[in-house]
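Below are the structure tokens for one structure; questions will follow.
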């Protein structure tokens, strides 16, 4: 589901809408997706790790289908559809685009093969080149849709990595997506400080130039009360203390639905932690590793994040507190470009750190429409609006988020029980 | 679950805290619960209609257990517990109070019998009389807990009625809780108008005198944009138009999770509507009746309410819009005291009507803590806070809500798929 | 389901078919059913203990519906149906009789009430008296159907008791159906001996006079190899040894589907055994009792019985070995008439004991049609034939079986995972 | 589950136990498995079509693991295990061999890759060559185990094909395992005749020379009554008549558990039939094809076969009737060697036809141990005995059965609801 939201009503051209810049971004993104799939075997690309995940091959094809369906078919005269049956195979959830392979059965799509999907991508890339070579290079609607497609594909780049991690974590061989291993922190974990923010009437949401999904607007003002925000993410050492203190066995710390999950599924640690011979290890894209105490805790659900905050005597921030606090910060950090493929310990220093990159940060805000939000008509209107129920907003970005994809107003969203994304938390408190 | 929330931090004495007033309220409420159960046979009182519902007998005993556990045992010296095993039988969800009969198996509690539960109630009532006769009549904590217990029991009065309706609706004989039938509207449905409200910075939440649950506070200010609110509830005739227009078959109108429910459970009308020989009937507490076109639609889920609003080109209000709009209105309407036991058509006139009574009104607001909210320690702290995830707030009151229970700041809450309560909707729109 | 099978093709009049004898048997059985329900409260009679069980009230009504549907409506001129809606309420599984209350929702039938069901029974009894008073007393088809109805009701007498035990075992108060408690064995358990039987070509199945269900015929010959049969049932002391030896933790002893159940449901003892403070107790119709080491083990599944036999180095008998071995024995034992309501230790002595009464004995025989068996046409043909798949035959009778119901050719049947009946086992071995 | 049964107690050397013959058979079988996988892409080999099926790659590895575990590791000195982790990956259900990848998650084993599995096979093949080159070529236990392994692998050859068909049938592209298509019958369907057989005391089960699984013995005598058996299989035209006559909508024809499946899963035709534009097509290993009216119906469950027989006024044969009837027939027919990969119409002529090949034939016999059967100790004893509950025996062979695998005493077995094997039926009747 939580594939990207679609911008529908930007009235101003975004910076990327210079056709040449957009083309550069487009083809760079397309190539990057291929690179992410490159370390994987054919089988790895075809399997579906869990009901929420998709096969790599499906990500490769679905992002291609998106351009074919929303750009090439409606706008490029004479475009020849690669295979009309792919609309059934690779439509994700667009009811307006017709019936589709049931989500839980994407792993059965052994055909088309990886190689056919590669050809499909080439076919569509070639047609996209033709778009830029032709008169459409100036059609604002075409450019806008391509831009959405770029951001859509960036979202799927992150999903591709998280889904592969889920797959490999369930394989008894515990294979590594990448061999070797990230350098481990030499230094101790940084102490955690709270930073004070003033309240008041603040503008939030996207406005002005630059791309944003429709769920980031309309821009509007909100009231904030004074609050404090931790200067770094909660780390593994702290999470281990929560566990040692019986955090997973104390119902008073948990939301009722969270406690039911703990009981039903036997949760006793983050998703990818496993105990072997009395030692906790963690499955990562680098294989099964000892846990880096100073690195941010990762792959925890909202239920767990909330229980931890309560145990710590704090709370999770709201999405607007987070957005306001991130105000003057550069959108930079341990994201996909850094190529660490794992969250890293907080750098030393003072002030807010790790706001972008490492892990997405659960907020206490339910994922809901901003005042005045209306989804667009047609299939693209299904992108976001129909998921605005039962989920929570995450802010920031993770070590798997393409750098160009992150921004201060970005709203990621997942169900409170979901754990397979790179999700962690930052504490907040009353001022 | 959605049993009541517990006030924990009222610093000012509520109006009811005059011991004599409180005693009156207490024993009136206790008697009223008995009256509600009176039309029911022994079997009716023992069956559990669905996994979210409870048997009548369980409601009678659980509300009694609440006083025994939180008032009599800790505060009344020499109090003799009626039966120590009842703590297991009649604890609802208080983890701090120990293990309990699994929720889905409350209907297996054929023992204690109805008559033993009646004795249990008498035993506890007698001890509560002793509380007021003794020195505790001035103990603020005791009075506060009794007051909570009164409101807790009022909540269960409504649940008792909705659970019985669910039970009778699944009985092939379609029995009536009350014989006869409400007088039907002679007049046509009132036309629907929207009333304009100004935006601005507004205070919401409970403050000052009078009882409130802890989830109604802390009082705080919010920003409202100008908005419009319908002057009456959506009625059955309007809902029938939605159905005729294919509302239950158009995925574009639905939230993704809602559409999944429609498909899975075959929803095609409100919960208690059934088609017989081409005519739609509705199961009510008065038995199976023809549908009153002018009466508010009832027993619809949030998913349905939201789809309807989208179909109508409108939206649902936020809980704060509703609270602000209800500002100067008397807390009065077709509630339990009117003894209609069914929603009634909007009275003629102008201005906001049906704000209290008839049906609870779904809002688009997720059920979340107010800024600064902290649940109390101990079992009573489990009352509200642990349910603040995944549910939506409903405002107003229904035809089954005790009149003394309704107030402008009251926050009822249910999951978006739940339909067996007296829930309907009122439309809102941008100004 | 495992309600009785219907005799369809007896060509010879059965002994009971003397009208006066049949009438005596009928009304005695009808009264006996009432007596069995008498110790129960109204709520006890209305609750459904599990998906395989039925409420007492439903048993009372369904057996009555059987006479109304298959005897009175087709044969008694002028018979006034008590309430035509009861056909929906109390039809069990007869597709030919139309739709019916879903099995899992029988506990929601709070109406009709116990008292209405009592009136229903009286109404039908009166009409049955009229049958005998009139010309029909000589109509062979009428008498045959009444006779089936008597045996049908006897089956439900046993189900009534086992369903009540299931209900009470899930009640935290562990109520007793009967107060007091059976006298405990003073003596030690009898030693177990195997008795040798010769093989050969043997006739099995019902023939000749006397009632039998259609699944007991046609009589036919089978080949038996020489075999040994234990002279008494496996007792609780022996079962405890199996448990102590890790029987519930050794997959090699179990059928694959049985081991899956052990793992999924956490089986570690017979259904009604519970460990308290290190001691094993057993829930019985007399309440929660210490376990009588010399009494037969009870309420075990086929999977458990089979695992035990393998552990003991023996096997379960076939149904035909059992029937042949029971050859000359009187059909007598600890059945319902003895009013013990619990299995009792084997009496001292030599030779086969406990063949009838105490507990039903699992056999290794799948429940299948005898050669030449054809179910009758019409609703009564659904009685037996449609269950001949996936179940196992049990032979003998239990402490809850009406004495008149037991016979040497009787075939009881349940699924291999079912445990809530009074089922135990007797070992067999190769000669 | 329904992987092969293991012979444990053959006291006489089987014909194949000439070491050279056995070696020939072994390596021919090993090569044949490779050939069956050859038309498949890498993804096709890795996906798991349903919970009862396994990926091709898993079949390739598991059959190899069987030789490694039961032959090479215990008997070949100095054998180097290819990868000790494969025991977890490729153990199917042998509890005695330790924990294993959960059955439903075999499709997640993207590692080891196809190529590693190929290497695994080569490694084991090489070691098996060494066995024959060494002193073990005369060790009877070694030879016996190798022989079992050959038959085991033959079973998995058939499963490989049926699992691939299941996979391709769920792929929206409906790919063909083999291109082209079998030649269609030019002739009309042959008329169906019943052949009369005498009853009497008959020997059944395996004895003497030649390999058999342990579940085919001990040989013993059974009593047969005179019976009739259809001279050919039920064909698609006949099945279509059953459908047209409402066979899937008539509960009176069905076993109770079968009717529950029909209702729950919406069965209305054999598993791989699909209606397009009013025409029925059938998914086959040759892709989606029009239905050959004269060919045997295929991929129906026991429930369907039994309902059809009842509709036709006949019954299914017992396994012993079938075995006796097959007495003097050559074990020959449309099996894997014919390379049709689909059932074919009955050849013209008289006498019993299609007894081997085309489709497995459901019998009314529950899968149960023969008198005196005892499973062997140790892991190989788990091969068969633990599945003897709840399943039905099928006799004959199918178009996917290796010719050397078929024999008159062979007992295949599946649950009555399973449909994804090449299963059909032949009618029987009383004489």
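Chains here go by letter, A, B, C and D, matching the order in which they are written, and residues are numbered from 1 within each.
We take it that a residue touches a chain if its C-beta (ideal position, glycine included) is under 8 Å from a C-beta of that chain, and two chains touch if they have at least 3 such contacts.
Everything numeric in this text was worked out from a predicted model, so none of it was measured.
Undergrad: Counting one step for each move to a touching chain, how far apart are chain A and chain C?
TA: Minimum number of steps from chain A to chain C: 2.
Undergrad: Farthest chain from chain B, comparing Cα centres?
TA: Checked the centroid distances; the maximum from chain B is D.
Undergrad: Where the CA atoms of chain A average out and where those of chain B average out, how many Å apart are those spots?
TA: Roughly 38 Å, centre to centre.
Undergrad: On a C-alpha centroid basis, what's the spacing between chain B and chain C, in Å?
TA: 46
Undergrad: Would you give the residues of chain D that are in contact with at least 2 other chains, written as numbers and ranges?
TA: none
Undergrad: For this structure, give each pair of chains that are touching.
TA: Every pair of chains meeting the touch criterion: A-B, A-D, B-C, C-D.
Undergrad: If we count contacts the way the header does, which residues on chain C are in touch with chain D in the complex?
TA: These residues of chain C touch chain D: 1, 93, 95-96, 201, 220-223, 225, 251-252, 254-259, 302-303, 306, 364-366, 368-369, 371-372, 381-382, 386-390, 416, 430.
Undergrad: Show me the residue ranges of chain A that touch chain D in the complex, using the header's touch definition.
TA: Interface residues on the chain A side: 41-49, 57, 85, 88-89, 101, 105, 107-114, 167-168, 170-173, 175.
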